[in-house]
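Next come two complexes, and both contain chain A; in the first it sits with chain B, in the second with chain C.
Our next item is the complex of A and B:
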């Protein structure tokens, strides 16, 4: 255990220092993450007008999309694109010769990057909330702690989902298309374009058995207060744990099968 | 006196050769065509579903009804085709070439560097987006139930041309930033981020955003104006303003390009 703690401390520190070299590039990625919710907020803002849509007034939309921005920043998954390239261009080779599995390096990169950018997003939100009452959340540290826990689980689901999908590069050259497909679906089922309750009920119930709502919508709705009954919490956290385990198992399976295949191609 | 026409003829020859080379190259990969079409259909379906979601809760978006916004969406898609086919594979590579110094290989060629960088690589399959997009816009126009007059069509052609020029200018301007801030290989992401706003009529945004999209980042001129020209919301005056704006943007980016090249210190610098 102590050994792993030291390994991770070293890996995260190194990832943190690497990120330090690219402040402009990281700022650009953050702008990209802010604009999609900002556009959606702009549209809902004008649709809501002075009334409400499905019980959401303008202020509720503001809080919802601020929460989407923050949670999305904390749960992003980009590894699929890297793995795809590593497998196709053979860059995986030197990573395999290291005495520690490449997945630990990826997890550390994620921790370092999200501490930095998630922290920045949080500071930005607090700064905006100082001037704009609509962006303020009700004081409720217990709820925030639960949202933080849900965000960590969501980040785990998205990480293993992306990592496992990326590893399909051992078999196909269309990994980015598979990611785009999931990205398109998550626009609706993860709540990126609107709260889930805005979708037709049949679609919402289908979404409930897939992993999409647990990757983003669930922590967001804890933060905004849309999820507040004990039953909702149990249901949400159970779904998160189930999908986290499922995608972790899929990752393990694809990794071992894929490596055998990769060796066969190279050998 | 005969030098200018000769130069133009020379440039046209270079352009034709580049187009032919790229076509021959891409024709080897026909599976990419199928993949590209599936991708287009999927992204159009997502866009229409998003629109459907908005219109479940409203009857108008910024004063535009459903089919009018679909006209706009078709134009957005057509423009996306131009971006993906020409701009991203061509000038989109500039930032990383500035960083690595590979731009040297372009600058030593006996042809205008901006022209060459802009049109060297074409992803010709993505031109299918232009076809699909215009087809969607045409269908939606029928559903709007308005037959555009000849003036409307001319205004549309002019504003769409202006939109292409503006988008090109934005890419050149962004890429030129790489000459100053070297470690920004992902700078095209900034364009993608703001271009997304062009999916909806600019009147659908709150005042502050609308101001930004009309006067600071010319997003309004890129999709709202051509779509509005087609549905008769804007007349010839707007078309004239749009073409003036596009011309100004092209002249500005040419100046910016020259200033940027003067800063370039090549691989060893």
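Our next item is the complex of A and C:
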């Protein structure tokens, strides 16, 4: 176990040091990720006016989209694009000669990146909340802890979803298109542009059996207080665990099958 | 003693998608994709003893690197079996990977934006090398390769030769007993090439490592390898000592002379086949078994200032081997 701690410490440290070489790139990427919820907030703010939209007043939208920004930073996974390149350009080769699976490097990159950007988003939210009461959450550390747990599970789902999709590069050159497609669908079904309850009931039912709501909407709704009953919590966490296990199993399957097809091109 | 590497009837077949050029070809490929099978490695068998340095020779696409990658566990073969350090490479797992190192001349494992020292420390953790042992190996390799002034410079600011030295260090810190080197001197200048060759020779001598390398530079092969494996179109054409190959494929020796006084081309032709003659230099090819006698006759009959007997250039011999196989 101590060996793995040391390995992860070294991998996270390296990823952190590499990230430090590109502060501007990370800042631009963060701004991009803040822009989308900021635009959505602006639109809903305007629509809500002095009334409510499906029970959401302006202040509710503010808290919702600040939560979307934070949880999105903490769960965002871009691994599919990296894995696609590793496979197509032979960058997987030296990683395969190491005595640890390449997945550990990807996990460490995620930890390093999320500690930085998630931390920055949290600090930004706290700073804004100091001056703007609408952005303040009700004091409820128990709920925040559950939201943190849901965020970790959501990050796991998004990570293995992206990693398994990226590994399809063993078979196809269309990995980026597949990820863009998922990204587009998630705009609606994960609650990125509006709370899920705003969608037609039939769409909500479909979303409920897919992984999208569990990778963003569920932790966001815990944080903002939209999840109330014990049954809702159980349902949400059960869905998260089920999809995490499903994507992890898919990753294992695709990895083992893909390695047998690997051409190790490009050196 | 069991061999370090055993390859038995290794085969690797790739399925490659093919399509005709143009928009029509693209549409047809979409509706009715066509595939071709390419046999990159065909029934290759050989053994490598512990501590040997063996070079793979062959033109581009011959199957050298594919064979190397199968032995390093990167590729699953279509058929055949292999044993490397007692493991089946593609199922050997972490225990196998601790015993080998793979260095690719055109791909790097060094962290591009950070000084090489960061990659070395990362590998110490990944391979779980005990710290005292890590420090000892690190210092030894840094001294052998003269890396001292490079350790705190970002990798992206190092020259190609400096980067290859750091790549070798990163790959050797865990003390692998078998090294797979794919074009380790690719793109390096002559001085850097010699430096890498010198290091590999010293390393093999000091640690008894087994080395399998591919290279397009004959100087690498002649300087390092006691044995060569010639591969073309996936098939192993020759397995043996380089000098034996030269003797087999080249029935002549080359005599180079520097003359003191002018002689005619006809007089020279009496001693062998004149390849070039521009006073005072002349080059003659004579049958291998007659080289000594022909040299003695030349020295006795002509005003010779200097004389040397050589094998023909190794590149010519290898080219002959490939042409014969074709």
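As a working rule, the second predicted complex is superposed on the first by the 262 of 267 C-alpha atoms of A that agree within 3 Å, B and C clash if a C-alpha of one lies under 4 Å from a C-alpha of the other, contacts with A are read in each partner's own complex, and residues count from 1 in each chain.
The criterion applied here is as follows: contacts are C-beta pairs under 8 Å (C-beta built on N, C-alpha and C of every residue); 3 or more make two chains touch, one makes a residue touch a chain.
Given the structure is predicted, the values throughout are model-derived calculations rather than measurements.
Enquirer: Thinking of the overlay built on chain A, is A:59 touched by chain B (first), by chain C (second), by both, or by neither?
Expert: The answer is neither, since A:59 touches no partner chain.
Enquirer: By the touch definition at the top of the document, which applies to A:259: first (chain B), second (chain C), both, or neither?
Expert: Touch partner of A:259: chain C, not chain B.
Enquirer: Scan A:98 for contacts with chain B and chain C and give back first, second, both or neither.
Expert: Once the two structures are laid over each other on A, A:98 reaches chain C alone.
Enquirer: For A:43 in the superposed arrangement: first (chain B), second (chain C), both or neither?
Expert: First partner only.
Enquirer: Applying the touch criterion given at the start, work out whether A:21 contacts chain B, chain C, both or neither, answering first, second, both or neither.
Expert: A:21: touches chain B and chain C.
Enquirer: Can A:232 be said to touch chain B (first), chain C (second), both, or neither?
Expert: In the superposed model, A:232 contacts neither chain B nor chain C.
Enquirer: Based on the superposed arrangement, let me know which partner A:10 touches: chain B (first), chain C (second), both, or neither?
Expert: So A:10 only meets chain C here.
Enquirer: Please report the chain A residues shared by its interface with chain B and its interface with chain C.
Expert: 21-22
Enquirer: If we count contacts the way the header does, which residues on chain A are in touch with chain B in the complex?
Expert: Those residues of chain A that touch chain B are 21-22, 24-25, 28-29, 31-32, 34-36, 38-39, 42-43, 45-47, 53-54, 174, 177, 180-181, 184, 187-188, 193-194, 198-199.
Enquirer: Could you pull out which chain C residues touch chain A in their complex?
Expert: Those residues of chain C that touch chain A are 14, 65-66, 69, 72-76, 93-95, 97-98, 100-102, 104-109, 111, 113-114, 118, 121-122, 124-128, 182.
Enquirer: Using the touch definition up top, name the residues of chain B that touch chain A in the complex.
Expert: 35, 38-39, 42-43, 46, 49-50, 53-54, 56-58, 61-62, 181, 183-187, 189-190, 192-194, 196-197, 199-200, 204-206, 209
Enquirer: Residues of chain A touching chain C in their complex?
Expert: Residues of chain A touching chain C: 3, 6-7, 9-11, 14, 17-18, 21-22, 90-91, 93-94, 96-100, 259-260, 262-264, 266-267.
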